[in-house]
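Two complexes, one shared chain (chain A), two partners (chain B, chain C).
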Partner chain A sequence: MTLALREMRRRPGRFAIATVILTLIAILLMFLGGLLDGLVASSTGAYRIQNGDLLVYSGNSRDALVRSRIEPAVRQQVESVPGVARVGGLGTAQLGGRVPGRGPRDLVPIVLFGYDLAPRGLPATPPPAGTVYADDSLRAKNVKVGTTMQLGPARSPVTILGFVSDSRYSGQGTVWGSLDTWRQVLNANRPDARVGPGVVQALVVQGDSRTSAGLAERIDRSTGGATASLTITQAIDALPGVSQQRTVFNQIIGVTVVIAIVVVALFFALLTVERTALYGVLKAIGASSRTLFVGVVLQAVVVALIASLIGIAAALVLDAVIPAGTIPFVATPARLASSAVVLVVAAVVGCAFSLRRVLRIDPAAAIGGTP
Partner chain B sequence: MTLVESIDTARNALEMRGITKIYTVADDVVVALDHVDLTVASDEIVALVGPSGSGKTTLCSIAGGLLSPTDGSVVVAGKEISDYSGRQLTEFRRDSVGFVFQTVNLIPFLTARENLLVVDEIGRRLGRVARDRADQLLEELGLADRAANLPAQLSGGQKQRVAIGRALMNDPSLVLFDEPTSALDSNLGDQVVHLIRNEMKARGTAAIIVTHDDRITHYADRTVHIEDGRIAK
Partner chain C sequence: MFLALHEMSRARVRFGMLIGAVGLLVFLILTQQAIEGGLITGFVGALRQQSAPVLVYSVDGQRTLQGSVINPGLEAKIRGVNGVAQAGWIGQSTFTVRVGGATESDAALIGYQHPGLGDPSRLSAGRRPVGPAEAVGSAADFAIGSKVRIVASGPAAPTAPVFTVVGLAKDAQIQVTPTLFVPWAGYEAAVKAANPDATIVLPSVIAVRPVPGVADTELVDRINAASADADALTRAQAASDTPGVAQVQQSFQLIFLLYGLVVPLVTGLFFLIITFQKAAALTLLRAIGARSSALVRSLLIQVVLVVGGGIVIGIALFAPLTLVSLGAITIRFDPGAVLFWSVGLLVLGVASALVAARRVLAIDPLEATTGGGGL
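So, the complex of A and B:
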């Protein structure tokens, strides 16, 4: 084993090409992963900050918030289902926002959320009518505490009281107010989608600690199919585009990993061919194939680790220099660590292709004289 | 087996009986060794001389557990190795024999001292003891001041001396030299053979030295001639 590491120290040039290629692959992996995480985060924040176990849409909504309406009577039914601890209403309106200091045609896409069961990071009592909390990402759009922005064609004014982080929805910044604020803004701007008092788009349901299993089915049964209940995770996956983004990115990431495996496999196969004589001598003096192969794996793992470390550093730099609100890239520890693990595993798998070659080397060939 | 025979066995470094080695390449059958009997006593140096293709390397390979014979029995330091598995042979080579090859086969990216310590790394891992042993061997071989040099920085003779040191690292019962001087000029060759004899005799280690070179034979205790895979009587 020391032999393998010593070779890397004394002959770093031998491993340079593989390290460079694998480093580029590592950067690509982490960039793709970070982009995926960023995209998903920017479409799902509003759901992830919900303080609940289930999201209840109306039965005919096909699990889409825009098509969903929950009448007060249905809400009462849901509240009385055994196992339901707390229920909150949720309403949304996607509107263009006019922010002072920006051009009159420079509308900021905004999603207004009305709530009455406070999501994480928002006050338990929703802010008074006409006031909202804004998502952090809107700071980059010149939104500040005290700013009054005008929403939609009706230019409904809302004043920013403060900020909440990581609460974006379908890639847009959000503002959070009371359900009354929401109904007022919605009815003023979307006459076609007017809602009556007490109507919401969806319900956020908290179950009692231990009765959450089967709660979704119980709710949907007791409302006679007027509701469709999903766990928050299911609701996130049902968000438009989210699972497609995941699939596309994971396919690209998968192809990248395959390329990493091929690179390592080719590189270490070549290296093993170059080392045939050396391995023959080592086998002749008593090294087992196992010892030699462990050395190969060790070298591949070291190369992958170096590549991963540079990749992680590059991802962190990228994360720091990309201006907020431009490219949706985030460098999360989980993504960076899992990319590194994937790369190391790819390296081990890749050099496994050299195993047969190492096993086949004949120590008798090492001793001179044979043709 | 009688008592006398078993004592004999223990005293001998190598006993080959009825060794036959047949290589089959495609439809060609080459009898490289044909019923060879050879005994080497525990501290004996045997010169093995014969024309090219006579089976010298094959004999060494079988004695050192690099090849298995087609037929016959090989006993090295009391161990019958002719039907060892590949894994057992690897262990046997690691622990019981030393090889010095015709071509210098040092590991190019390791220093002289590290080339000796490789034997410990792939084998028993004695650590300190092995390091002391390597230093002592380098001293004896006149390489103390070359210990930190890479093979590329050593002369041909020095490289071959490092190889001899490597062959002695595992304290073998039998050392096999396959034309150790063929790559050296006659002066250097003489020095190396002299050194081999001194090292073997100081340790009481048995050796087979394959050679074309007549000058070597007088350093040996006995010369064995081989031709067409048969030991000449």
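So, the complex of A and C:
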């Protein structure tokens, strides 16, 4: 083990190119993962902060908020289902926001959410009509507490009371107000999407913990199929593009890991061939195959760790320098750590291909002077 | 040549692994290039294929068809701009539909007021609609004769329209969703069936054609000068400026750059190590009269064979993928892109081997007589 580390210290150049390649692969893994996390986070925050167990859409909406309409009568049916503890309405409107201090054409894309069952981070009682809480990401767009934004072509004014974290939706910043504020703004700006009194796009349902099993099925049965009830996780997966993005990115990440394995295997296979004579001598003086192979593994792990550390630093720099609103990249500790672990495992697997070659080395060949 | 091939045949596993790694990288690059192209075509293909040379959004729409609404006041200002030959409505929404007797699915409807101003500029099959219940569908998703029924919202909704697909247009999706181009009356009926509370159906954008002698870009400037609420774009701008398109392109370019660096580095590393390992043999060859150029040529032949082999494997893996769809995204075999990456990677691969070539050129034949031979 000491020998392996000493070799790395004495001849760092020998491992430099492999480290550079693995560093590039580490950056690729972390960039791809960060891109996936950024895309998913910017699309799903508004659902993740919901303070409920289920999201209930209208039955023929294909689980899309914008196409879903829940009439007051359906809401009453849902409220009366055994196991339902609390029900809140939810509505959205995607509009351009005019923020003071920005140019007349420099609008901020906004999703207005109307609610009456407070999501996490918002006060229990929805704010008064014409006032909203804004997502943190809108601070970068010059939105402050007290700012009055004008929403949509009708210039509907809403005043910011405070901020809420990680609540973006569909890649856009959100503002959160009462259902009355939502209806007022939606009907003023989108006559094709207007809703009548009491109509909402979806319901957030909190279940009674003792009888919540099978609640989604009971709700949909009691409304005669007029609703489609999903857990929050299912609703997130049903958002357009979310599961497809996950699948495609994870496949690309998987193939990249395979490439990392091949690169490590190639590098250590060549290194082992180069050191065959040396290993022969070491075996001749008593070193076991196990000791030699542990040395190879240790070197692979060190190379992968160095590459991972540089990759993590590069990912953090990328996260810091990528301007908001361009590439949806986020470097989360979980993603960086998991990418590093995957790379180290790939390195161990890759160098394992050299095991056979190490085992086959004959110490007698070293004594005989034949490599 | 003989030496290069002989060495490769003696070390098949070693060279095979490298060719395999390069092949996987080429496969990844080509696949991602195709996904990028398919994704963007799925996002904005309908905008590229529609026939209006200029589209006017409301500034509030943020350059998305679904987010834009043109109110009558803004429409009047647009129509009044000097240089407008013809203007018409275009509306867009996504609906729950049933195609034939199948289960419910999604479809985007693009409604247009005037033929030749918002409908597809080219059909790949069939004919154009002659009535409000006929449609042109995106070729990847529909067949001629398909019946597409809009699913109405609740029992109070009016009778839901059923569209018959009479024509097909290639690469004509919007928002990566099966897309139908329908006359305005059909679109209006669909919106009212999906939302009985809708009081009026306003256009999402105004499609405009300039008078002869006025360029599209000139008309765009005039319309934008006429109203701060109008956001006029040429057809190409409307496609490229759709939110998300630039981010997708930037993200993929960064990924391509990283993969583009990995290929030459892997190849360069491999041949550098091989050259180190063969140092004694190469020195001996030089001592018995082999010329440096012959050894370098041998090295470069191996590089070309390795990278070329990897490219062939990568293309062979990628080609079958283009026969299937990735969800709603069409993966296409683009010979131009394949050629670009093949040539690019070959050049980068050869360039990466120059370090090893320099080592070969630096070999001193005298070392063979002194027991040296290291590089």
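The criterion applied here is as follows: the second predicted complex is superposed on the first by the 361 of 371 C-alpha atoms of A that agree within 3 Å, B and C clash if a C-alpha of one lies under 4 Å from a C-alpha of the other, contacts with A are read in each partner's own complex, and residues count from 1 in each chain.
As a working rule, a residue touches a chain if its C-beta (ideal position, glycine included) is under 8 Å from a C-beta of that chain, and two chains touch if they have at least 3 such contacts.
These figures come from a predicted structure and were not determined experimentally.
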{"item": "Partner chain(s) touched by A:L278 [first = chain B, second = chain C, both, neither]", "value": "first"}
{"item": "Partner chain(s) touched by A:T291 [first = chain B, second = chain C, both, neither]", "value": "first"}
{"item": "Which superposed partner A:S209 touches (first chain B, second chain C, both, neither)", "value": "neither"}
{"item": "Partner chain in contact with A:V20 - chain B first, chain C second, else both or neither", "value": "second"}
{"item": "Broader residue contact with chain A after superposition on the shared chain, chain B or chain C", "value": "C"}
{"item": "Chain B versus chain C as contact partner of A:R6, first or second or both or neither", "value": "first"}
{"item": "Partner chain in contact with A:P363 - chain B first, chain C second, else both or neither", "value": "first"}
{"item": "Partner chain(s) touched by A:S58 [first = chain B, second = chain C, both, neither]", "value": "second"}
{"item": "First (chain B), second (chain C), both or neither touched by A:D192", "value": "second"}
{"item": "Touched partner set for A:T125, first chain B, second chain C, both or neither", "value": "neither"}
{"item": "Shared contact residues on chain A - chain B and chain C", "value": "none"}
{"item": "Chain A residues touching chain B - in the complex, by the definition given at the top", "value": "1-3, 6-7, 10-11, 277-278, 281-288, 291, 363-364, 366-370"}
{"item": "Parts of chain A lying in touch with chain C, wherever the complex brings them together", "value": "17-18, 20-21, 24-25, 27-28, 31-32, 35, 58, 60-62, 64, 66-67, 69, 71, 94-96, 104-105, 107, 109, 152-153, 171, 189-196, 199, 226, 240-241, 244, 248, 252, 255-256, 258-259, 262-263, 265-267, 269-271, 273-274, 326-329"}
{"item": "Complex contact set, residues of chain C against chain A", "value": "14, 17-18, 20-21, 24-25, 27-28, 31-32, 35, 58-62, 66-67, 69, 71, 74, 91, 93-96, 104-106, 151-154, 175-176, 191, 194-195, 197-202, 228-229, 231, 243-244, 246-247, 250-251, 254-255, 258-259, 261-262, 265-266, 268-270, 272-274, 276-277, 326-327"}
{"item": "In the complex with chain A, residue positions of chain B that touch it", "value": "56-57, 60-61, 64, 66-67, 87, 90-95, 98-99, 101-103, 105, 107, 109-110, 114, 118-119, 121-123, 166-167, 170, 178-179"}
